[in-house]
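Pasting the structures in now, so scroll down.
In the two complexes below, chain A is the common chain; its partner is chain B in one and chain C in the other.
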Partner chain A sequence: MTFLFLTTALAVEVSPTRLEQAISADQPTLGTLEISNPSSRAARVQIQTGPYRYLEPKFRLPSAEDWFQFEPAAFSLAPGASLTVSYTITPAANVRDDAAAEYLAAILVDQLPEEPNVIARSNSDEAISQASPQNVGGQAKVTFVPRFAVPVYLTLPEREKKELELAGLTVRVGESPDLLRFGVALKNTGTVHLRPAGSLVILSEAGTAVESRTLGRSLPILPGATLELPALVPMPGSAGRYRAAVTVQADEALLLQKEIGFEVTPEGAVK
Partner chain B sequence: MTFLFLPPAFAQKALRIGSVSYDQHVHSTELIKFTVAVKNNEATTQFAEVDITLTNVETEQELTLVPVLTGNVLAGQESVLVTTYQNIPDGTYTVSFPLFDGDGVRVDRVTGSTPIHIGTETETLQVFPEVIHLGTLPPGRAMFPTPIEVRWAFYRFNRLRLDQPFYIRIYSDNAARYRGVRGALRRNSPAGLVSADGRFAIPLKLWNLNYGPDMQEGGWDAALAGPPPVDDDAFWIGPELLEGGRNLGSANWVRIPDLSEMTSDPVSWRRLIGQDPFDNRYVSDSNQTGDFTLKSPFTLYLAAEAGPTAVEGAYTANLVVELWDP
Partner chain C sequence: MDIKTRLLRALGALAMTTTFLSPLTLDPSSAYASVKQEVYVSGTVESFGGYTFTESLTFTVDKPGSREIGAITMEGVYNGEYPWILRAYTDNFHYTGIGGASRPASAAGLVSKDGRFAIPLEVHSPLYDEGIWRRVPDLSDPDPIPYQPEPDLRPTVYTDCVLMGIDPRNGAWVAGPDGVLFTADDSLLGDFTAKTPCEILVRANADAAAAAGEYETFLYLEIVPAP
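Up next, the complex of A and B:
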């Protein structure tokens, strides 16, 4: 068994790391990415698009994967060099008549190895016959491709509607007896994704603040999705009645508040 | 009979830390604010001193922030002591707050529930080596002794000025060149190594320190012994269950999926490392930031099983190592 080591696959840096852009359904939108190579060796880079991979399962997401054109799409970067890659977003013809306000994709920035893995690029007979003869029978080779995935969120401003519903606020004893677990349920009833943030304050019966926590997530809530934000808070030091007030902000004009009362018993239970 | 009276030691004052708060995710040049509430249950005003101590999780070196936080707390009252520090070296730290009274006696100590992460915005990914020639695959299971080293750096703010969630995941990208056996009733997965003619595939598995149960449960001390043996089904397939069968979710060697098999459900991914404070699979009382990262660089190992139906030929794989944050 023979092992052949080649040099390190080099790191490139991509900016921006997330693309949230307003586009027009009728005409192309232009933009740029900055790719830089801070290392001491040249890097070969390839840029393409891919589907958006979000964390919530069973979601049908309108895709903008086929809308992008990059110039250049493949290039080499000298050590310490940077390159501005221009992209053109051309929405599909049916977008004009579609109802969706947001389309998603991912921009994939790959660092290609110096030794290309010359194999068939497709499963057609012609491609297979042109595959490199370097692959001697009985041998196996693995190529690693470091990849940065830039999530893309494209919105149509005329259809944009930001709405959020604070569906519920619950409290129970947490995973250990000295913790309270709060759950703030949010439902995105709008047409574009939101990244809500907020705070939770525990007030005693007298109205003094006992505990406070920031809550929220930077992961987006997509349209139609429901999300529960958890918050772990130390159990109040004494039994009694308390109030929990949550404030959630998803946009400058989108502020929600909700308050519940609960009781901590001397035994440490929560009612 | 002789009685020896020793001077009484300093009696502990009834001082307690009520609550603590601090910035969790800070640029190296920014001020970090610490707030400590100290309750005095004594009948007289008491001096309180809090020596905020940071412990670097990688080097395990302790750093006591100076000047220490001090203040006088009125009898029966709670005082909130606030201070800021700057120019703390980059790194991830656990935080503890030992409280001392005016006599220098430690009367209380609280540990912060979340770490402090200090750094500069960056996002890099390197893999070494770029290409591995595996040579001839032997029949049966074989681990390739070449460790694959992944260097990474990730430091981004989210909207709450906390750690931005991210993952580094691995998958093969073979769907375009895998065509299966013409006329076959079933199309196998394109994941792993694909033959030069695109007809056959041999799955690949990987292991890194994040996979497999710990030594108490699995009996394998990975920190000492490295990757577990592939010949033991307990590590390759999963430990046996009392009621029969195997616990597939506790296998040490895990399959590398193909991009075409991955969906929006993260269960279909193969995540090497990451941090996600909102995925309940990783968040616990002792790990509230959902951190399952490994120190950079971390290594992973590959293995394959050429079963009795494996076909002779040249096989290749493009494995994508992807850094992804939403």
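Up next, the complex of A and C:
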């Protein structure tokens, strides 16, 4: 093993770490990012866009990957310095006639090395033509580039429909016989992503609250996607009939509720 | 401690997730997978920095075969909203391959200056079991399978090279070192991170067909934050 040199690259910081922005199909939308260098060394930064991360395989939503222009898109930051980067979002011409209300992308913030590789920085013909079969030295170089991928959600307000279906509520014995496992299935039937929050209450046959749990805030459910929120709750202390009621809120005006009845047998089974 | 007591304790911990400040110093003994109801839930913490990495490795390719070429030293901490992952990949758009080759080769790894040859890279994260190396993919690889958490302990299938992360939806990460859910070493947050500084080992696998020459690549170490 041969190390010729090792230095330390210091990751820059980005704010915001998520971009959710309303845009217009007819005119550019402006915004800013704040890039800071908390380290004691100067940092070279490059900003570009890429595909949205975290998509399930074969799940496709319209992309805004090519709509961004950054000013500046490449720059150096002195130790301790910050810079406000302006961006302009210009939707493609066909967006005016498109039906989609939400477009996704990622802003990629790279910290480049001080001395970049010759060929890895460009896919231009010029770079490739630098290759030389006589250039036999057996040397290899791996340059590490810290990258932060800011998720981007751009919405067209006039097409925005926030609709959520509480598609199912199920209960069964959990991974341990001491637990009940609930499944709350949510389907986004609207046109923009939602981040619903919810709670679950278990009531005795007499209507007394036995247990209550928050479901927390969900990760974004993209248009057309279904997500099941699992919830584990201690098995009620005695056999009998119970009801479980779930409440889910995805927006101020979007409140959903569902209730199921179930029975815990003396043997600990759930019917 | 019975399962119900553990659940109630863990639910108490759940209420603290919005102010949780240091996943890297999480004491595993106070975290339990019994809060799997948290599985699809995200929490918010204040980000106060990021990981830092070794800038580059330069080494000599002098014979075919698999060999360790060095280590990426990681320092600092990323403490953003979860779930998040740190993954590695290359983006070798200058790779052309060999014209007329009977099967397409992957651009993943180090690429020769003429763009025709590639030397695959593998990495070993301190979170991996001993002897486990993951292939570093290239963004141009056909049919990539993005990281997806698997709540239960079924085998996960993805082509992403995940080095570390925090994801309470990932049953294997929640299960902790023993790989079994509902045991004392479970991690409440699905904390799949190592205390820093730590090293990620890098291995190159030059086969006999790799021509002598100069090879380079950018190895991207990408934090994919909470969506």
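Things to note:
To be clear about the criterion, the second predicted complex is superposed on the first by the 252 of 271 C-alpha atoms of A that agree within 3 Å, B and C clash if a C-alpha of one lies under 4 Å from a C-alpha of the other, contacts with A are read in each partner's own complex, and residues count from 1 in each chain.
Please note the rule applied: a residue touches a chain if its C-beta (ideal position, glycine included) is under 8 Å from a C-beta of that chain, and two chains touch if they have at least 3 such contacts.
Please read all numbers here as calculations on a predicted model, not as lab measurements.
Applying the stated clash criterion after superposition on chain A shows that chain B and chain C collide. Once the two complexes are overlaid on the shared chain, A:211 sits against chain B while remaining clear of chain C. Once chain A of one complex is fitted onto chain A of the other, the partner contacts of A:269 are absent, as it touches neither chain B nor chain C. In the overlay built on the shared chain, the residue A:233 is in contact with chain C alone; chain B does not reach it.
Contact with both chain B and chain C is seen for A:13 once the two complexes are overlaid on the shared chain. Taking chain A as the common frame, chain B overlaps chain C at a single listed stretch, which among 2-10, 38-46 or 110-118 is 110-118.
In the superposition on chain A, the residues of chain A contacted by chain B and by chain C overlap at 1-11, 13, 17-18, 53-57, 108, 110, 113-114, 117, 119-123, 127-128, 131, 135-149, 151, 175-176, 179, 216-220, 229-230, 232, 234.
Listed in rising order, the residues of chain C touching chain A in the complex are 2-4, 7-8, 11, 14, 34-43, 47, 49-62, 67-70, 72-73, 75-76, 80-81, 83, 92-94, 96, 110-115, 119, 121, 145-146, 148, 151, 181-182, 202, 204, 212-227. Of all residues in chain A, those touching chain B in their complex are 1-11, 13-14, 17-18, 50, 53-59, 61, 108, 110, 113-115, 117, 119-123, 127-128, 131, 135-149, 151, 174-176, 179, 195, 197, 211, 214, 216-220, 229-230, 232, 234, 237. Of all residues in chain A, only 1-13, 17-18, 38-39, 53-57, 108, 110, 113-114, 117-123, 127-128, 130-133, 135-151, 175-176, 178-179, 182, 213, 215-220, 227-235 touch chain C in the complex they form. Those residues of chain B whose C-beta lies close enough to touch chain A in the complex are 18-19, 113, 122-137, 146, 148, 151, 156, 158-160, 162, 164-165, 173, 176-179, 193-194, 196-198, 202, 204, 259, 262-267, 269, 277-280, 283-285, 288, 302, 304, 312-326.
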